[in-house]
Amino acid sequence: MSATAPLPSARAQGASPWHELDPLTRLVVALGTVAAALVLGGIVCLSLLAALTVLVPAAVARELREVLRLSLLLALPLGVSVVVVNVLFSPGTPAEGALLATGVVLRILTMAGAAVLFYRTTRPAELLASLQYHGVPSRATFVIHNGAAMIPRLAERAREVTEAQRARGLDTEGNLLRRGRGLVALAAPTVLGAMAEVETRTLALETRGFTRPGRPTLLWTPHDGPVQRLARWGVLLVLIVLVLEHLAGVLPC
Amino acid sequence: MLRLAGVSYRYPGAGHETLHAVDLELYPGTVTGLAGAEQAGKSTLCLVAGGLAPRVVGGTVNGEIDIDGQDTRDWPMHRLADLVVTGLQDPGGQLSLIAETVFGEVAFGPANLGLPYDEVVSSAEEALRLVGIEHLRAHDPTRLSGGQQQLVVIAGLLAMRPRYLVLDEPVAHLDAASAKLVLTAIRAAATAGTAVLMAEQRPEAWTACDAVAVLGHGNILATGAPDEILSNPRITTLGIEEPAEVRLRRRLSEAGLDPELMGSAS
Amino acid sequence: MSATWLRVGGGLAVFALIALAGLAALGGLEFDEALDTFTLVMVVAIPAGIATYALIEYAQTRRIDSITGQFDTRTLVLMPVAIALNIVLGTAVASALKIPIYFDSIGTILVAALAGPLAGAVTGFLANVIWTYLAPPPFGSPFAVPFAVVAVVVGLMAGTFARWGWLRPRPDSSGRRLLVGGAISIGAVVVMVVIALRAWLAAADGSSLAPKSDDTAFFILGWLVVLLVVGTAVGLVVLLVRRRDLAAAYILAAGVLTGIVAAFIAAPIAAGLFGGVTGSGADFVIAAFRRAGADLEQAVLGQSLISDPVDKVITYFVVYLILGAMATRTKARFPQGRYLLPLNESEDVRDRAAPER
């Protein structure tokens, strides 16, 4: 089933085979990549991992440049610190420290890449619908979706209150006490306003049948299939093997 | 018919009752207005009629509440949602935030009820049309103005095709044109069989009502046809705004002129 | 009551069993390995303990009401707000502040206090996951997800402390309790402030601890956090002296305990996965420890043991303030709200006609 009128495509649904995949599959790959990056340590293995689960899909999705750019942006400050710390404080030679640092940096890059790739290619509403399709209760999907959606709203609200306080002469200079009062005057309405909305929204959801047991009607269904299902289980299996090998100390990298 | 008989309500931890022995009947196909001053208890009565009090808000309810002859006091909220839905005052706060588009937001209620896909889509479409916001269907609801959001909320409630619709100040923050749209939609819903209870302050709202109940200090003081109730000079002492026409007529009589000079009533 | 003890006891027993078995089986004689193993064992033992609790309750009552009761509609609506609070404040602090505090669990503890330990744990967990995978730039952080287990533990602890009434206002406490509690608390505040300041100032090498950021909102939020650091110390003392509110002592206890546990679970993750570097002010402290001769894991643990208790005490204090600003009626509607009310008030809000759930 393809997306119909109810869910307009903001990011050109079906723009690439990667986009066509069930969002759940994309999520499993992203989570799996992060978990694997945590377990693996060697430069070779991490590079292979990154290439396979981040770079190739990014290329297929025509997001390679953005993924690289954002990953580097996210990882750079940390990466620099890692290199500096590990080269200067290395228990062995600086060269050994540099090797360790490279491993850590690669790990960070891979994790960042996986997260960015997922974020760039999946819309929250799609993920939500897919999770519901696969049986995740609507209460859980509600919290996950709104958890992400609330972030810009809260930041927006904080900015609005900042501007309002600025207009009323909030002292951004001046002594600590003055600034203190000003800042409390900023924070309090933001938080308390959010709490008041909680009450209204609770009532509104209840009256619209939110607590009805059973699954709500889905307006959109993802493209799932046996191949993807197999792939998802495959990722889990590989992860378990990796963790066991890591614990047993036999990991080649 | 939605019937409240001798219903009183006390908020949790409150020292006194907010509603005292309220009798109210809502008949299918009619719009009943609820008039009263700020603290008279209109919002509370809306919460009780819609079942949100005591289920979600807590508190104690005494008296009888039936819908179509069945005692609904022990029904869980989601069972009530099939029959009665409630609109509250803050439009932005009522958005589910879970929908990317206005269409998705309006379809949220019917989807929750588990209706078949085609029915969900058609009720949402119809509700959008009824409220006149089809052109907004692809917009992000959180980016709309307060007035537009209110229209979206009402459409969302109408999409559930409720038998009983309770609205707390639906047109309070709307401009004249949007208010007219909403009142027309409410009338259309009534014509289609819904029973509406509408608490309001704005006098324009009474033109859409078949009956008006006056609430003062938690008691229903009077019920009757809008003309009859609203031309009673005592309403101003209860904090209710006189409709413009009524005020004009009164002034004409006070000035010694024949009010009929004004021509036919609204 | 004994039914609850059975469940809790069962859950704790399974948790302890797996924890001890795991630690024994995986060896870890060296300090470093022991820490890593500890975290891994936690990741397995905690869900197992919770699952056991749920299973016992199911066996007792064929339902899991004590868990599902924590997740009513109101809690579900609060959780996204709490998650956003974690992420927005956490990001602001990380990007604008040099002080090594995280300030990313305020939502977790708020939900735990109002709704219950499991609700708090889930909030913390989801916040970390969303922070990595779903948060829009500039809020996304790839480094949050591995610390999800820490957030779970923080939620569980906070919810339990709240359930025990530790976040109740206790104004006008009298006599000996206030004296003893007050003295210990003020002493603890002084000690913590001194240790923290010495560590941070030494680490910063004289550069300013003031917030720096291009983004106005982050800048202001950064200042807000500085204010809170100072304000918490002052505030706790004020609570004790002016209001005679013994809750200050409980806040300190909760914060320190939660902080210590969190430090032990988080340190191996930071050390093992990122070489101890997290891109925040903590790095300077870690470097200072290493200059003094500690190895990586020790340095990270040392830094965490300074930062986490301070961070958690501040967070609990801020949550206490927020709860104080909420009306009784509002708090009472939450599943665990009545344990947050002063003792005399909590009786009144128990209703004869309990709302339908």
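Order of writing sets the chain letters: A, B and C. Residues in each chain are counted from 1.
Criterion: contacts are C-beta pairs under 8 Å (C-beta built on N, C-alpha and C of every residue); 3 or more make two chains touch, one makes a residue touch a chain.
Given the structure is predicted, the values throughout are model-derived calculations rather than measurements.
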Legend entry - Neighbouring chains common to chain B and chain C, by label: A
Inset, instruction - Could you compare the number of C-beta pairs in contact for A-C with that for A-B and name the larger? - result: A-C
Legend entry - Distance between chain centroids, defined by C-alpha means - chain B, chain C (Å): 44
Legend entry - For chain A paired with chain C, centre-to-centre distance based on mean C-alpha positions, whole Å: 22
Legend entry - Separation of chain A from chain B, taking each centre as the mean of its C-alpha atoms, in whole Å: 42
Legend entry - Where chain C touches two or more other chains, by residue: 73-74, 80, 333
Inset, instruction - Note the residues in chain B that touch 2 or more other chains, in rising order. - result: 55-57, 76-77, 97
Inset, instruction - Give me the residues of chain A that touch two or more other chains. - result: 124, 142, 146, 149-150, 153, 197, 201-202, 205-206, 210-211
Legend entry - List of chain C residues in touch with chain B within their complex: 73-74, 80, 328-329, 332-333, 345, 348-349, 351-353, 355-356
Inset, instruction - Name, in rising order, each residue of chain B that touches chain C in their complex. - result: 11-13, 54-61, 74-77, 97
Inset, instruction - Would you mind writing out the residues of chain A in touch with chain B in their complex? - result: 5-8, 10, 123-125, 128, 138, 142, 145-146, 149-150, 153, 196-197, 200-219
Inset, instruction - Sort out for me which residues of chain C touch chain A in the complex. - result: 26, 40, 71, 73-74, 76-81, 83-85, 87-88, 122, 126-127, 130, 132-137, 139-143, 145-146, 216-217, 220-221, 223-224, 227, 230-231, 273-279, 283, 286-287, 290-291, 295-296, 322, 325-326, 330, 333
Inset, instruction - Could you pull out which chain A residues touch chain C in their complex? - result: 27, 30-31, 34, 38, 70, 74-75, 77-78, 81-82, 85-86, 89, 91, 100-101, 104, 107-108, 111-112, 114-116, 118-119, 124, 127, 139, 142-144, 146-155, 158-159, 162, 172, 176, 179-180, 183-184, 186-188, 191-192, 194-195, 197-199, 201-202, 205-206, 210-211, 247
